[in-house]
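Working notes, structure below.
Chains: A, B, C and D, in written order; residue numbering restarts at 1 for each.
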Amino acid sequence: QEAAEGAAAEGSSGPYDIATVVKIAGIQWFNRMEEGVKQFAADTGNNAFQVGPAQADPQQQAALIEDMIAQGVDAIAVVPMSPEALEPVLGRAQEAGIVVVSHEAASQQNVSYDIEAFKNEDFGATLMENLAQCMGGEGEYAVFVGSLTSQTHNQWVDGAIAYQQANYPNMTLVGDKNETFDDQQQAYAAAQEVLRAHPNIKGFQGSASTDVAGIGLAIEERGMEDQSCVVGTSLPSIAGQYIETGAVDMIGFWDPSLAGYVMNSVAQMVLNGEEVTSGMDLGQTGYESVTLDGKVIYGQAWVEVNKDNLADYPF
Amino acid sequence: MTDRQPLVVMTGVTKTYAGITALDDVDFVVRAGEAVCLAGENGSGKSTLIKLLAGVEKPDRGVISLDGVPHAAMTPTAAAASGIAVIFQDFSLFPNLSVAENIAFGAELAEGARFVRGRHVRELAARTLERVGVPLDLSATVGMLPVAQKQLVAICRALASEARLIVMDEPTTALTEREVRALLAIIQRLKADGVAVIFVSHKLAEVLEVSERVVVLRNGRKVAEGPAAEFDARSLTRHMTGRDLAEVGAAPLDPSAPVLLTVERLSKAGAFADIGFTLRAGEVLGISGLLGSGRTALAKALFGLVVPETGRVTLDGREVPLGDPLRAAGAGIGYVPEDRLTEGLFLTQSILRNVGVGRIEAHGRGPFLDMAGLVEDARDWLARLRVRAPDPEAPVRSLSGGNQQRVVLARWLARAPRILILNGPSVGVDVGSKAEIHAIIADLAAHGLGVIVISDDLPELLATCHRILVMVEGRIVEDIPRMDATEEGLARRLAS
Amino acid sequence: MTAAPAPRVSRLLAQPEARLALIMVLVFAVMAALAPERFLTPQNATSMAFQFPEFAILALAITITMLTGGIDLSIVGIANCCAIVASLLLTRLAPGAEAGVGWLLLSYAAALAAGAAAGLFNGVLIAFGGLPPILATLGSGLIFTGLAVALTGGTAIMGFPASAAWLGNGSVLGLPVPLVVFGLLAAGLSLVLSRTGFGLKVQMFGANPLAARYAAVDIERLLLRVYVASGMLAAIAGLIIMSRANSAKADYGQSYTLLAVLIAVLGGVNPYGGYGRVVGVVLAVLTMQFLSSGLNMLQVSNFARELIWGALLILVMVINTRTWGFRRLRRRLPTAAPQGETR
Amino acid sequence: MSSLLGRNETLVAGVILAFCMVGALADPGFLSIPTLMDLLRAGIVLGILAVGVLVVLVSGGIDVSTTSLAIVALYVTTLFVQNVTPEMGWPLAFLLAAVVGALLGAINGLLIAGLGLPTLIVTLGTLSVFRGFLLTFVGSRLISNLPGGLRDFSRAMMIRGTNADGSFYSLPWAFAFLVGVVVLTWFLLYRTMLGRQVFAIGGSMESARRIGIPVRRVQFLVFVYVGALGGLAGIIHASLARVANPQDLLLNQQLPVLAAVVLGGARLEGGTGTLTGTLLGVSLIVLVSNSLIALGIPNTFQSIVIGFLILLGTGLPAWQARRAQRRAA
């Protein structure tokens, strides 16, 4: 470890200390991401590890990054809860010579690269297409985001709403974007409120991985599994039990472990003075031929899961 | 009498608090069926001795034997189990519980009851209250009762447990003549039943009346002990203080003294009605009355703590705004409250601060305080009132009752008020300090202050006042000049 | 047992602040010994100096209210609300990123005014409404947070001029600006508490509110001033947070309320009023930060830090009550032992 | 009459009624069995926690660690059941959680009763210690596939049916636990000497000591009892939410629960408080946080409304008390 520091200070290649800072610790989405980070560490011999705050609070995330700066890590890979709130602290990290890579934050300024699994507006539109199919193209629906400042969540929801307005005029969005802070119970509480305020509601679109689980529980409690449609970003390990009962109808995702791995790979490349270019193969499924747009690296695959293919994804 | 079985024997008990020796190598015996009086000035160690006996505090040295069994230290549970009931100086009641529960709690606990026996509790409480002869609402919450009734509840609680020794630490301070009589009668009956009583009081007459043996403490040491018959008020005083005291009466009032305070038609429904009087510069005006006669409410109204519905108060010809203590104080009215511990003192704060808080504004120096001046001033007042404080920076809590009272007095005197209202100025104060406080009152009057003294202690009123108002049921029924007043006359006027 | 320390030392250690200072030095020494190459670096010192002022200032706000026997649970709500007032002014009225220093100062003044107003609201509830401070500020805190949400719809406000970064990220004479701000506020508060009539009255009132009324202390005005001061301190903390995060949002710093209370109590402030010194609070802040940074250097998880903070609080309390000589501790079952033998 | 009017219980009940009336006017479907069931369900965990907080308040203390303790209990229990006894039925799991809670409560009790430390500070400390210990040494990962026993319990319904308009409603058996806890606590507080001693200590600890009440033992038992209630509340919470989250936001319910109890008339100074008041306080908080949308108020205003209610609920009695005091003093 001491050697690692000395090496980093001299600017030679690895092993490096790379910290992955996620939105919140403990939820399956980021547990899965941690597997990728650990895999990267095992594969490359770098000291790669993951940390996350107890609550999805941008301030707590900034404090953790501050800690990483003080620890003197070589690179930070971050999934920002709120990109704009992190700019100053990431700026300080860069000033301290730390390489910064982000994920799910295409607008982030103080980074070398941002990694997106795919074009987020398209993903949002696909979720909407699934929702619309399920709803028969008509009825009321509501949308959920982890935070109004979480960039991808808003891109998905905005993309979905635009797609609905263009293609399904008989559907209506009710209420504002519901904020759930990546917490299943907040999603449950918000779903209950929506159900009470809009008794005729038929559809829900979730964004944080925990959203559909919270919505699903509220649906099950009301026995509305068959009369309602719930789609959103999630993982089988989170939403599986609700997909089985029909409370949740479809989920979409990209594998967080691959995203975690790729963030670390890119960080290592930057540390080694390498550049990412369009068409490059970053070595993981879905990132075999990435597109570069400014600082943003796009992969090209998402997965859609429903009752039928649930068993194919054991995470 | 000496052949009776000793109930409690304390040998060589010593107790120190952070450097203060509250009790120093004291031997003390109580036998069944006898009443022992514990006498001594403020801070002489009476309450401390009682606390050791009750297991509330632990002695540094010495042994306490109960029925011949020595204990290095008592615990409250052991004390209660062996039949010791205490009426503490601060009552130690449960303000949130009912009268009935307060009275019966100790007894129920001693009996080891596991479940609540509601009817039993009420019956016991009713029976005990009957013995004392006071009708109190059994379901009233104790915290809402006036001080005197709280004291009665505390007495009843001690009586309710089948105690073999009842310790009374100044049980009569808040009581009026009539209630004191009833209590003394009860003590006589208890003695006849073989119950031992330890009685602490600064009212020497009642001490000598009720007890057969007297133990005198001074500065934590036992300085005298003997049959009550061998003492009289004078010799007792000498033992307590180590000197003879002469009470000074009020100096005659200058007939041309100007009127300072005029109170006109002051009324507050349910408390007092149509109060009118004047107070002249240099005059000491006494107010006496029975429990609940409205004296305290009136005093608080003058100080702005109670808002009267009608009436006018003028000081030096200027109207005093009603219902605002700040403006009353600003106009020159001071008030030394009845309940020292809750209303008077900042117990955890230093003695100096307790005095200094009265005159913070006077020590301003720009935005800051002149700390040195403030401390100097406070020390000066402590010295003038002869407050016995080993360390003026120590919390005021560490002082004995009488010294605490002087601290409150010092705070107000430091403000140089035009009018000072003293509610029970010598409640729980020993004879030595009491005479000194009376001298202070006389001195204040001589310097042109108007003083109002509210007291149940008739000799005190006679010793200090130029004039005495008698209040009955919220009205002033009589205005007696000092020369026409006698203790018997006043007592009769109040009792009727 | 070790030999009794010299009397001077033992008298000094009778003060909670002195013991805390000792603990702080110990923590520093241990951390420096365990990770000297990381802990004893200028980067670490700077990083620490940037981190703690925002919650340390909130701890000062808690301190002044706790001295009166109250508490202000609305500080984080006030801080965010005030930051949002300032940022709305900067971005909606002023030309956002192009705004000059004049606009910035105006926005700071508006935030301070909002803090004072919020504090006044609390003060009125407590002084004139007679509400228990815990509940008054719990309720008002929800209202301030709610206002912040309503004003912004819950999103972060951003797009400030470059000069806005100075308060949270700049340096003067090599010292981080937030540190300087905290130092000035702490010194000022310490002076106010120990050298002014207001400070003395605050402590006396905290010791016994009823006696304060009987001693003709102007209680209502006192409480108003205390809560206004608390509100303004919270506003300053809010501005620092806003500058450091380059944005303002209704839910920043949620964990700071508890942290601030923890620091105040650790610093020896009596939560029931009447006792507390600023120097104790400063020592507590530094202790917490040393501990926190040191554990970070040792790569201990941030959850373990929470554990250690709590344990430290309890430990300090145990030490304090032991030396304050809680007689209850020694009042065990009746012991017949040594004294019994003398008979 | 006037004493009844002046009580918090009456006031809170009045506000609840008013709220329901406005609710019914704004939304005809508001006064319905499904709404009632939703509210009852939402009140189970808060209600049990509030009863615990009440007991501590009555004893003259304050406990800010209950939700933290509840989370430890729910997580440790779930983890144990999942890894060691996956077949364990819910009754044993509940017992286990209550025991874990009681043990943690005993830690509070030892520090408070044994060492004589102030309750607020101890529980402020253990709030962090419990949570920090859990996340550092036990685990920080959420368990969303609860063991069968717990999932079965959450699906077991006490009442279940369909409303006239076809809407489905249900009330889980967990509700019976709230009822049981209230009855048991009522019995302990009002019918046993131990309960009276709790009141006595809250009224005046020094007086209690002097009269021979084993103050430390009673305090210790209070914290053990409250710990057990916390553990029970925790496991019920996990089972109803179908997730054992070591970073559960139940943590943030501590102050609202405290507010509910005080709204119901318990005093922070100790010695005063009733179960009726506590339940009313909880009802009000639950009602408000669950039905603003039905009243047409956007949920961004929720905290403003709850804030105002807390101010109203504590302000009116405080103001009344002040007036009464001014009149009497």
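The working rule: contacts are C-beta pairs under 8 Å (C-beta built on N, C-alpha and C of every residue); 3 or more make two chains touch, one makes a residue touch a chain.
Here's who's who by UniProt: B = Ribose ABC transport system, ATP-binding protein RbsA; C = ABC transporter, membrane spanning protein; D = Ribose ABC transport system, permease protein RbsC.
The shown structure was predicted, so the numbers you read here are calculated from the model rather than taken from an experiment.
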Tell me, which chains sit next to both subunit A and subunit D? C
Count the C-beta pairs in contact for every pair of chains, then give the pair with the highest total. C-D
What's the distance between the Cα centroids of subunit B and subunit C, rounded to whole Å? 42
Go ahead and note the Å separation of the Cα centroids belonging to subunit A and subunit C. 35
State, to the nearest whole Å, the distance from the C-alpha centre of subunit C to the C-alpha centre of subunit D. 29
Quick one: which residues in subunit A touch 2 or more of the other chains? 54-55, 176
List, in ascending order, every residue of subunit B touching at least 2 other chains. 75, 305
Pull out every residue in subunit C that's touching 2 or more other chains. 153-154, 301, 303
What's the complete list of touching chain pairs for this entry? A-C, A-D, B-C, B-D, C-D
Residues of subunit C defined as touching subunit D within the complex: 73, 125, 129-132, 134-136, 138-143, 145-147, 149-150, 153-154, 258, 261-262, 265, 271-272, 301, 303-311, 313-314, 317-318, 321, 326, 328-329
Interface residues, subunit B side, partner subunit C - complex: 18, 57-58, 61-63, 70-75, 78, 305, 325-326, 328-330, 335, 337, 342-349, 353, 356-358, 360-361, 363-364, 367-369, 371, 411
Touching residues (chain side subunit B, partner subunit D) in the complex: 54, 56, 75-77, 79-81, 86, 88, 91-97, 101, 105-106, 108-110, 113-116, 143, 297, 300, 305-307
Would you tell me which residues of subunit A are touching subunit D in their complex? 24-28, 31, 54-55, 176, 183-186, 188, 190, 192-194, 196-197, 199, 213, 217, 221-224, 237-238, 240-241
How about subunit C: which of its residues touch subunit A in the complex? 38, 43-44, 47-48, 50-51, 153-156, 158, 165, 168-169, 241, 243-247, 249, 251-255, 293, 296-297, 299, 301-303
